[in-house]
Amino acid sequence: MTMARLIEYDEASAEIRAVYDDIMATRGTDWINNFWKALANHPPTLRRTWESIKEVMAPGVLDPLTKELVYLAVSVSNGCPYCIASHAAAAKKQGMTAQMLGEVLAVVGMANETNSLANGYRVPVDERFENLF
Amino acid sequence: MTMARLIEYDEASAEIRAVYDDIMATRGTDWINNFWKALANHPPTLRRTWESIKEVMAPGVLDPLTKELVYLAVSVSNGCPYCIASHAAAAKKQGMTAQMLGEVLAVVGMANETNSLANGYRVPVDERFENLF
Amino acid sequence: MTMARLIEYDEASAEIRAVYDDIMATRGTDWINNFWKALANHPPTLRRTWESIKEVMAPGVLDPLTKELVYLAVSVSNGCPYCIASHAAAAKKQGMTAQMLGEVLAVVGMANETNSLANGYRVPVDERFENLF
Amino acid sequence: MTMARLIEYDEASAEIRAVYDDIMATRGTDWINNFWKALANHPPTLRRTWESIKEVMAPGVLDPLTKELVYLAVSVSNGCPYCIASHAAAAKKQGMTAQMLGEVLAVVGMANETNSLANGYRVPVDERFENLF
Amino acid sequence: MTMARLIEYDEASAEIRAVYDDIMATRGTDWINNFWKALANHPPTLRRTWESIKEVMAPGVLDPLTKELVYLAVSVSNGCPYCIASHAAAAKKQGMTAQMLGEVLAVVGMANETNSLANGYRVPVDERFENLF
Amino acid sequence: MTMARLIEYDEASAEIRAVYDDIMATRGTDWINNFWKALANHPPTLRRTWESIKEVMAPGVLDPLTKELVYLAVSVSNGCPYCIASHAAAAKKQGMTAQMLGEVLAVVGMANETNSLANGYRVPVDERFENLF
């Protein structure tokens, strides 16, 4: 039930191990989840994706929990099973409770419902919503 | 450039006006945006959608800004032009800055990228990500 | 605001005209909508798509109105502006009223909402829902 | 293979049981499918979603079978495995035959194909398709 | 874990066998994959889909490998598990290596990321990108 | 009709100009398209996205034209108007002809059709399609 081998640390090249080491150090964990073991089949994608994630998910004007809730919400909306499971875990680690999960999913559900209603009636954008920034 | 007439307050039935009035009172505004004027073509959908939105977007364990960021993120990921514009405006009203928008969009972009990578390699869900709640 | 020229009947090749003629004869109309004029940029796609549509949308165990409602519903869910407009028109021609449109959109909205909820909670399929046919 | 516990009737709160009872009474069945048992992790979403579904799927100008076919079509187009299975079962209960399923899927397939063709050629909406209602 | 029976060659009608025979002859193989065995539940869809695929995937100005890479890329982006698996196999048969797969997935990932960024900022189309063909 | 200002070269910060300069040098052009001018509202996203695109779209085991066709195909499938227009232009610059565009769109259309058929019948993955790499 997979496309390619999951590359374990012990069999990984130095290039791959360097990324795995940075993932574990950054996250303060001692294991690597399957996503990275799959990406290791194409080392440039492994490295680039990890560096991008590390930069994007670092604390900014938004805190890490909010970022993880957004990541989870998009994954749910897209229906990506792996991403839903892994980012729910990441959000939980940042403090997401079952109640928060319930509220996030309620918002995701409403967004998908009203997105299709807005598209269905082909609603024109209100003038006041233009050039907000 | 629309499917159906936008029903203005002055021409609306009492049933529709009651919803419009509640929208304006709840939001503390004196105008109705096009989404509701379009939904008014089917009053049961207008009423039910508004009541659902009002319940879901009310403050809970998540604050209104976080909920609006999630709503916006899903709308961006779905590529719904009206919803992006209207929920960016709603998020701005709740305090979203241009910098926050930049961070939200960066997370949405990464989520969409890694969702397709996880699907593409058909990555199996790690045992540790099961039964989180 | 387009990718390629819209090929009008007067400038079309015999191969393209044959398809245009069949579209107009089958539909009992005297005009060709832009979708086909765009597909005419690649005649094999024009011919194959038309023949497929003609076969699929012909009366079967489902009547033409039901088929058009399904077509419209998928187009709305996908957020394809052209397809929403053209299949709403086709459905109207088959008898769709504003009230029916309202009910279809309400169902589409609920489907999109509950699809994301089912994905979000990663709900396992009930045994009773397997091997239905 | 799930996000959260499925809450069974015997362990459910009175608030949840009231919804479960109404689902079974409305549907004339003596069991609850997993979707609702998952939503029960967030009782307000359970209640609101059920009330909305009950209202939207009730007979209107469209009959229940047509509504279920539309619901199924959107779920198929979205690729939501749970929703496809559960709404195929619901549609079958309303009378959908294997032949009807075949025709619905054929329409969904064509809609997805032509949606991407219309988007790909960036086809402008015909004037005649504007302001239909 | 399926909707309908998979119809094997031995139990298939003459109409279905004719399609199965053509699939095996065209592909130079002696087996039929599950997709076609499922479509055989609705013979007109089986026949039409096979004829369309045969025409579209035949060598043209694009070679078969390029076409399979595009097919795979869309399937990955849509998150269709069966389609990803079957078209990765088809692409491999046409010569796709693990390295090529890595590059295709990297492009698919970037496309999904930048699609959401372009939608999120509601970027207007540059004049130079109009009427390309 | 936009979310945020498009930041022109003349008013850009040194950080933004450095990216703009690299885009023009890499592409051998003297102008910047709107996508980058919008991303410039969040300079870290501008820089990271450009560096990722530059790496991913560079010649590899796949040539630049094949990569652009894949990029375009995903953008079409997602229905992102800006991305379709800009990547069709990029593909044309790499040699895509109108005939190639026609064939790409035909494949994208078939992929979307068969993706929904495979999902609709919930087709199980054939054993032979597992662990391809």
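Some notes on this structure:
Order as written gives the chain letters A, B, C, D, E and F; numbering starts at 1 within each chain.
As a convention for this text, contacts are C-beta pairs under 8 Å (C-beta built on N, C-alpha and C of every residue); 3 or more make two chains touch, one makes a residue touch a chain.
Since the structure is predicted, the reported quantities are computational estimates derived from the model, not experimental observations.
Counting steps between touching chains, the shortest path from chain B to chain E takes 1.
In terms of the distance between Cα centroids, chain E is separated most widely from B. Note on interfaces A-D and A-B: more C-beta pairs are in contact across A-B.
Where chain C touches chain F, under half of the residue numbers in use are shared by the two copies, so each contributes mostly different positions. Averaged Cα coordinates give chain B a centre that lies 27 Å from the centre of chain F. Between the Cα centres of chain E and chain F there is a gap of 20 Å. Chain centres here are Cα averages; for chain D and chain F they lie 33 Å apart. For chain A, residues that reach two or more other chains under the stated contact definition are 1-4, 41, 44-45, 48-49, 52, 56, 77-81, 84-85, 88, 98-99, 101, 103-106, 108-110, 112-115, 117, 119-122, 125, 130, 132-133.
Those residues of chain E that touch chain D in the shared complex are 3-4, 41-42, 44-45, 48-49, 78-80. Taken in their complex, chain E has these residues touching chain C: 1-5, 41, 44, 48, 52, 55-56, 125, 130-133. The residues of chain F lying in touch with chain E in their complex are 1-4, 6, 31, 33-35, 38-39, 41, 45, 49, 52-53, 56-57, 60-62, 66-67, 69-71, 73-75, 77-78, 80-83, 85-89, 92, 97-101, 103-104, 106-115, 117-126, 128-130, 132-133. Chain C makes touch with chain A in their complex at residues 76-77, 79, 81, 84-85, 101, 104-105, 108-110, 112-117, 119-122. By the touch criterion given at the top, residues 79, 84-85, 88, 98-99, 101-103, 105-106, 109 of chain A touch chain D in their complex.
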